[in-house]
Amino acid sequence: MATCGLIEYEDATAEVRAVYDDIRAVRQTESINNFWKALAHDAALLRRTWESVKAVMGRGELDPLVKEMLYVAVSVTNQCGYCIASHTAAARKAGMTDAMFGELMAVVGMANETNRLASGYQVEVDERFRT
Amino acid sequence: MATCGLIEYEDATAEVRAVYDDIRAVRQTESINNFWKALAHDAALLRRTWESVKAVMGRGELDPLVKEMLYVAVSVTNQCGYCIASHTAAARKAGMTDAMFGELMAVVGMANETNRLASGYQVEVDERFRT
Amino acid sequence: MATCGLIEYEDATAEVRAVYDDIRAVRQTESINNFWKALAHDAALLRRTWESVKAVMGRGELDPLVKEMLYVAVSVTNQCGYCIASHTAAARKAGMTDAMFGELMAVVGMANETNRLASGYQVEVDERFRT
Amino acid sequence: MATCGLIEYEDATAEVRAVYDDIRAVRQTESINNFWKALAHDAALLRRTWESVKAVMGRGELDPLVKEMLYVAVSVTNQCGYCIASHTAAARKAGMTDAMFGELMAVVGMANETNRLASGYQVEVDERFRT
Amino acid sequence: MATCGLIEYEDATAEVRAVYDDIRAVRQTESINNFWKALAHDAALLRRTWESVKAVMGRGELDPLVKEMLYVAVSVTNQCGYCIASHTAAARKAGMTDAMFGELMAVVGMANETNRLASGYQVEVDERFRT
Amino acid sequence: MATCGLIEYEDATAEVRAVYDDIRAVRQTESINNFWKALAHDAALLRRTWESVKAVMGRGELDPLVKEMLYVAVSVTNQCGYCIASHTAAARKAGMTDAMFGELMAVVGMANETNRLASGYQVEVDERFRT
């Protein structure tokens, strides 16, 4: 069914193939994640999403590993199974060790806990934190 | 009202003061965040939460700035106003520049977007990501 | 186990059967979704939920297709697998094309992204938007 | 502006007044929460929501205090400021002490933490928990 | 403070002004929302976000009013105060009546309720909904 | 793969075994949940999380059954499959009947619905609820 069938390279339009080719070039791998093969049902969405991911996740002030760990932190907070699996794998490929993963999970868990304590206790923002 | 009144040092019990003293020593600042002053209504919760935050946020495999940015990523995803304000301030104190903050927000926004695209398209986890 | 066993028509009480009959009449289909068969463990919850869904999802100022797409938008934002699958199917049955689904996902993804950018940048509500 | 103006009793239609009267009778108080005064812009939504709240929050297998604490737990997890304020007040009115509130917050914080640890570590459901 | 100070047109760089000019032209209004003035701290993020919003929210298979209501549905589900205020205003500007808003809220509320009932009852996806 | 492999007692370090032994003693059962076997990849995280759960979930002002139901309420709101399955089982073991579960689900669903109605209608907190 179109909602989540996966579009393989050989079945893709020229526009979709162009994006797949760029993903392979940038990621330096032959494999295309299912995520992209699903978005391919909407070529404009596929292109816009890929262009944004490429621009956002590349090297900048933050190194790629930190960006992948931030991606995992958000995906875990949102309980997105697909993204947790794919970005944890990407973070490991980028150099995340077991020890780093353990600390990442500890921070994510703690933040999710204290976010609720702050809300539940209806804590006012400290004057010096007001912007 | 007890739910969110703030307990100042001079009004605190010896047990709460001991935690405040440790926070000041570890954070190397006189000021105690409203968050702790609110939790102080439950000394056990205050102590346990502080001990965990101290253990989790200290230097380890990940440096403190990365941990603070992870904290901001979770707080922004959860839309927790208090935590966004306090941890963004903490991250800046730890060295986060405007450029780093911009990249952090870009990754958090992108991850929140693609988390939903992956769920909405009901994308199956790629075989190679299965653990 | 009672938590999520499904109650089939032939095993249902008269009260539950009455709701199943109404669902079949209103939905003009013989099949009853697993969702209703699970709620049937609590006849009062089943009846109240069905009566509300029937009242809310029927034709009104907004047409049924728009309502189903709104349902998908919420379910995707909440990452609810069951609801994404069932309401995407319902939206398609109500006339949602692949192109419409692609635009729906694009809006949902974008909104989830900008929600976090607005929170992360701690943007004040514009005076003219204050109610 | 209609989106969130509050409709007072004297300005309300007969249908809305009937709901307000019932709220006052059931809650045994003259005051009507802003929540109801806002929903009053849609009399059908006001009535349906009130009828459901009345049915769900009344005495049953669970006592009203437990139900109010469950309401607070959900509202805190969703970071809903209005609901946290109103239901925390309702829970206190129903008998929640400071000590009970402290334990409630501790459980809510802990659950929000471990929910993410379970997702982040991609933990498989134990065979004996499968239903 | 840089985190959320607002950058006015007269203080903006040429790159930021170009985006502001385009927003004014497309939105056919002189005013620039605070959201854009905050993102302006990161010109690349501002441009990319605006280009995406422009591409996603324009006329397509779904009309602009439906898209704005979908935006409100997501923002309400995420409890994003800024986005609720700005997109509810945008939806009204696009023609949303009080009656349509009431139905929108009813669907959003119902979906958030049934999403949890489906998860809480651990309902299996119906075979015919599997894709 | 380390991310979610499970560490069995016989493969565990002395530090991890000590936690497993304590879990067995406190829970009075031989079985260790997969959750703990996954956290065991990070002995410090395992110990800190277990010590907190033990302190928070024990008997206090609130009885264990109420605490388990609060845990289920949070887990359902967060759509965490693992936690819903494990804590629903724990709540049943603690005495939750089908009728109690039905009421729990009804409150959780209702709270998730009204949280959004309050946010969507941008309802101001009543003066008397302000703390």
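Brief remarks follow.
First chain written, first letter: the chains are A, B, C, D, E and F, and each begins at residue 1.
Here is the rule we go by: a contact is a pair of C-beta atoms (placed from the backbone, for glycine too) under 8 Å apart; a residue touches a chain by one contact, two chains touch by 3 or more.
Since this is a predicted model, take the numbers as computed values, not measurements.
By the document's definition of touch, common neighbours of subunit B and subunit C comprise A, D, E, F. With chains reduced to the mean position of their C-alpha atoms, the one farthest from subunit D is A.
In a homomeric contact, the two copies may use the same or different surfaces; for subunit E and subunit F, over half of the interface residue numbers are shared, pointing to the same surface. The chain with its C-alpha centre at the largest distance from the centre of subunit F is E. The distance from the centre of subunit A to the centre of subunit E, each centre being the mean of the chain's C-alpha atoms, comes to 21 Å.
If you average the Cα atoms of subunit D and of subunit E, the two centres end up 27 Å apart.
Contacts with at least two other chains are made by residues 3-4, 41, 44-45, 48-49, 52, 77-81, 85, 88, 99, 102-106, 108-110, 112-117, 119, 121-122, 131 of subunit E.
If you sketch which chains touch which, every chain touches every other chain without exception. Only residues 72, 76-77, 79, 81, 84-85, 88, 104-105, 108-110, 112-117, 119-122 of subunit D touch subunit A when the two sit together in their complex. Interface of subunit A with subunit E (complex): residues 1, 3-5, 44, 48, 52, 55, 131.
In the complex of the two chains, the subunit C residues touching subunit F come out as 2-3, 41-42, 44-45, 48-49, 78-80, 131. Looking at the complex, you find that subunit A touches subunit B at residues 3-4, 6, 31, 33-35, 38-39, 41, 45, 49, 52-53, 56-57, 60-62, 66-67, 69-71, 73-75, 77-78, 80-83, 85-87, 89, 97, 99-100, 102-104, 106-108, 110-119, 121-126, 128-131. Residues 79, 88, 92, 98-99, 101-103, 105-106, 109, 122 of subunit B touch subunit E in their complex.
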